[in-house]
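First subunit A sits with subunit B, and in the next complex the same chain sits with subunit C.
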Partner chain A sequence: MKGLNLALGAAGLAAFLLLGEAVPRLGLVKDAYFPPTSRIAGALGDELADSAFWTALGDTLTGWAVGLAVAACAGVVAGVVISVVPYLREATASTIEFLRPIPSVALIPLAVLLYGTELRSVLLLVVYASFWQILIQTLYGVQDVDPVAEETARSYGLGTWARIRYVLWPTALPYVMTGLRLAAAVALILTITAELVIGAPGLGARIAVAQTSQAVPDMYALIVVTGVLGLLINVGARSVERRALAWHQSVRGEVAV
Partner chain B sequence: MTFVKGQGMLDVRGLKKVYEGSGRRVEAVRDLTFTVDAGELVCLVGPSGCGKTTLLKCMGGLLTPTAGEVLLQGERVTGPPPGMAFVFQEYGRSLFPWMRVGENVELPLKQKGLSRSRRRELVADALRSVGLADAAGAYPWQLSGGMQQRVAIARALAYEPQVLLMDEPFAAVDAQTRADLEDLVRGLWRERGITILFVTHDIDEAVYLGERVVVLSASPTVVQEQLKVDLPDDRDQLHTRVAPRFAELRTHVYEQIQAAKRGTPRDAPEDAVKTDAPPPA
Partner chain C sequence: MRRLLAGLVAGSFLLTTAACGSSDDSGSSGKASSSGGVTTVKLGLIPIVDVAPIHLGQKQGIYEKHGLKLTISTAQGGAAIVPGVVSGQFQFGFSNVTSLMVAQSNNVPVKAVVNGIASTGVKDKDFAALMVKKGSPITSPEQLEGKRVAVNTLKNINETAVRESVRKAGGDPDKVKLIELPFDQMPAALDQGQIDAACVVEPATASIRSQGGVEIASPLVDIAPDLTVAMYFTSQRYAQQNPEVVKKFQEATAESLAYAEAHPDEARAVVTTYTKIPAAVLEQVVLPKWPAEANRASIEALMKLGEQDGLFKTTPDLDKLLP
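The block that comes next holds the complex of A and B.
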């Protein structure tokens, strides 16, 4: 069954690539703007051989990873503190609901004013976008603490810190993991966007350069790379989730007793 | 006040709990007074919804009573006392699914600050006592309901409490498992000499297990009657349950509960206090 699915998936992808080859070659679209698959593959090969590409990839991954890490730490800590301190949740709810929907992209002018085309500019946008994902999930997760588990912990004399560590955190973890997975995807989008629009070094900036220099196949090749990055990030996040939540119902499935 | 010390392990005096919230005022427990002596196994029965859980949570320091007090060895209970362990009805939620059985049992001991070797010893001993010596590495959700409740009991035992509070611990397991667990609790009680307060809605269970049965009235709750169970110490599911004395006792408790439901408490609290403990000076 798994083998069949894999084969079907490969066949679908192959058909898609063939279509990409055939459509421009048949003259259905202008191949100047939509080069056939083989030309894109060739450009991708050239990119992979170019050390500048790897530097750009490194810049992009640095922006993504640092931004995500900062957002994750800040989001989790803020989420737990807001939930644990009495009245803080009520006091912050409206502010969070106001700040959260502001699109990160709207902060681009501010980022440029503050940091120009530095990495910090990218980080500002990435952190802003991913922070809310993680904060909101942490807030939900902390609310999910089972009253019986909480009472058990209290009856055995677990103090506030021990209850956070042994009860609240494991309860919130599945939510935090979901937040992290969503944030990882958003962080990549914002990293590329920031590089593309602001011109901070990275894959986004390289896409912009390819576009302005009419290197259309290279542009597509770089877009393919960003797509692959997104895919890998999602796969990675899911495997981290599975490892961290082996005990959770969503991962362990139903156990026959 | 002085005579109280050393006499009662647990003293509940004039306990009252009123829940207030969203314009509703619910008097769960009106006025409860009773004593549990050291090493006693006392069962609390009452009609459903009579505030048994509220009472137990007040005793365990999980709830603050509106009036009255609970004394553990003469000390007023203001929070969960270290000498007390709680076994909840909802074992599936009371055990932490993210920890293995051994870790679940060990966690309270870590909080007590015991050494690693001592913790291991206690965990192994407690799991052996409940017949789960080789389940330490499993996750709670890999075990059956009865086994999970055994783990919860092991966790309580490892904590080495003087008093064990059990809140309808076997209400959610099947009848056969329940019989086994009842024998387990009696066995552990005789072996370890812990004071046990066992809350149940099952009259047979109360009579079978207890040295004494405290019958509670319907809400608002007072003590309807206290009854000494004069069955032999050696009890077993087969013979004890068909003994004539067992039938008499269970009939008596049943009648009391029916009377409680109808709301005709016979001034039992005063009587009972006179027979079991002198009234507070």
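The block that comes next holds the complex of A and C.
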């Protein structure tokens, strides 16, 4: 079954690549603006051989990883604190609902004003966007704690810390992992966007330079790289999720007795 | 797992504190750092042909000779550079003259320090061109009345330029439909007929030429002969506090401009180090002029046209703006 899925996936990709080759070659779109797959592959090869490309890739991954790590820690800690401290959830709910929908991209002028075109302005956007994903999931996760389990833990005399560790955290973890997976994708999108718009060093800035230089195949090659990066990040996030939740019934795949 | 999580938490707290720490360091260093007589200055530049002299000057050690070390950051446009310079993230930036005049008329504290680029001043052989598609019935700017013309930014230098070209040819500039479009998208838009004409600069000019596009006017030449198009600038505060650094930057840049002007092949070669312009296109690119001095008369002409077109809230004070 798994083999069949893999084969189908590969066939779908191959068909897509063939379509990308055929459409410009048949003259349906101008190949100057939409180069065929083979020419993009050639440009991709040139990119891979260029050390500046790897530096840019490193910059992008640094922005992504640092931003995601900061957002994850801040989101989890804030989520637990907001849920555990009485009345805090009610007091912050409207503020969170106000701040959350602000598109991170709208903060670009602020980021430039504060930090110029450096990594820090990328981080501001990445952390802002991915923080909410994790915070909201953590809040839901903590809310999902079984009152019976919570009361039982209290009856057995478990302290606050022990209850967070043994009751709250295992309940919230599946939610947090979902938040982390969503945030990982959002963080990549925002890293590339920030680089593209602000010009901070990284793949995004390289795409922008290729674009203004009229180097169309290079631009597409770099876009393909960001796509592959997104794919890898998703696969990675899923495997982290599976490992962290190996004990959970959703992963174990059997009904708890 | 637990240990991993603990590690992750600790690691990211360290990172956050490190990030905060470094932001304190450079946050307070609006001034450039200097050591052993060499001052490090940060520049915000757009990755385009125009700034080749800076890259060339750096490569040739001209800035080093004047006691300056450059850190060049690329930014995608003036929108990122002007706030960066005003807030002290960059000491110097690159911007077109109209943007600087607009900034000054809005009380943004900018100060132009040294010339950037000038138009070649030669009709049909400028780096900027008003172009139409191959086979277009439009042959002269006054025929653009009622037509769609793309400029990269509305209410800026290229709008002034297109309007002046139409006006000079005897047309009514108010009847032209100006559309905002990034330079790099103009060749495709023109080719597909989404626009009737485009005011483009290199390397898009070369792209359109290679598609058989026809130049119907040289809009920057129409504004004034030898128009100063863009300049390097700093913030008024930085200029007041660091007059020696500004002076060094002026001298070194003037020397770099002269060097680039005298060695166009080297300038062309250095462009490949910071852009991805394909070699075949780069050969066709018309380089701008890089005079060491800004042309005040041409800037006055540009300002008059800008005022006529309602670009400024108040009249820019050129004595305060220009070096």
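The rule is short, and it goes like this: the second predicted complex is superposed on the first by the 254 of 257 C-alpha atoms of A that agree within 3 Å, B and C clash if a C-alpha of one lies under 4 Å from a C-alpha of the other, contacts with A are read in each partner's own complex, and residues count from 1 in each chain.
Assume a contact is a pair of C-beta atoms (placed from the backbone, for glycine too) under 8 Å apart; a residue touches a chain by one contact, two chains touch by 3 or more.
All values derive from a computational prediction rather than experimental measurement.
> Which term applies to subunit B and subunit C once both are placed on subunit A by superposition, clash or fit?
Taken together on subunit A, subunit C would fit alongside subunit B, as the superposition shows.
> Tell me which touches more residues of subunit A here: subunit C or subunit B.
The partner making contact with more of subunit A's residues is C.
> Contact-wise, after the overlay, does A:Leu135 reach subunit B, subunit C, both or neither (first, second, both, neither)?
A:Leu135: touches no partner chain.
> Between subunit B (first) and subunit C (second), which does A:Val148 come into contact with in this model arrangement: first, second, both, or neither?
It touches subunit B, and subunit C stays clear.
> Quick one: angle from subunit B through subunit A to subunit C, Cα centres, nearest 10°?
150
> Which of the two partners, first being subunit B and second being subunit C, lies in contact with A:Ala162: first, second, both, or neither?
After superposing on A, A:Ala162 lies in contact with subunit B but is clear of subunit C.
> After superposition on the shared chain, which partner residues are touched by A:Val80: those of subunit B (first), subunit C (second), both, or neither?
neither
> Just subunit B (first), just subunit C (second), both, or neither: which does A:Ala56 touch?
neither
> Give me, in Å and rounded to a whole number, the least C-alpha distance separating subunit B from subunit C in the superposition.
12
> Does any part of subunit A touch subunit B in one structure and subunit C in the other, and if so which residues?
Correct list for subunit A: none, the interfaces share no residue.
> Enumerate the contact residues on subunit B facing subunit A in the complex.
57, 60-62, 80, 82, 84-86, 88, 90, 93-94, 96-99, 107-108, 111-112, 139, 141-145, 155, 159
> Within their complex, state which residues of subunit C touch subunit A.
Against subunit A, subunit C makes touches at 1, 8-9, 11-13, 15-16, 19, 22-23, 42, 44, 47-48, 73-77, 79-80, 83-84, 87, 89-90, 182-184, 187-188, 191-192, 203-204, 206-207, 211, 274-278, 281.
> In their shared complex, at which residues does subunit A touch subunit C?
Within the complex, subunit A touches subunit C at residues 30, 32-33, 66, 69-70, 72-73, 109, 112-118, 120, 123, 196-199, 201, 205, 208-215, 218, 243-244.
> In the complex of these two chains, what residues of subunit A are touching subunit B?
Within the complex, subunit A touches subunit B at residues 146, 148-149, 151-152, 154-159, 162, 166-167, 170, 173, 247-249, 252, 255, 257.
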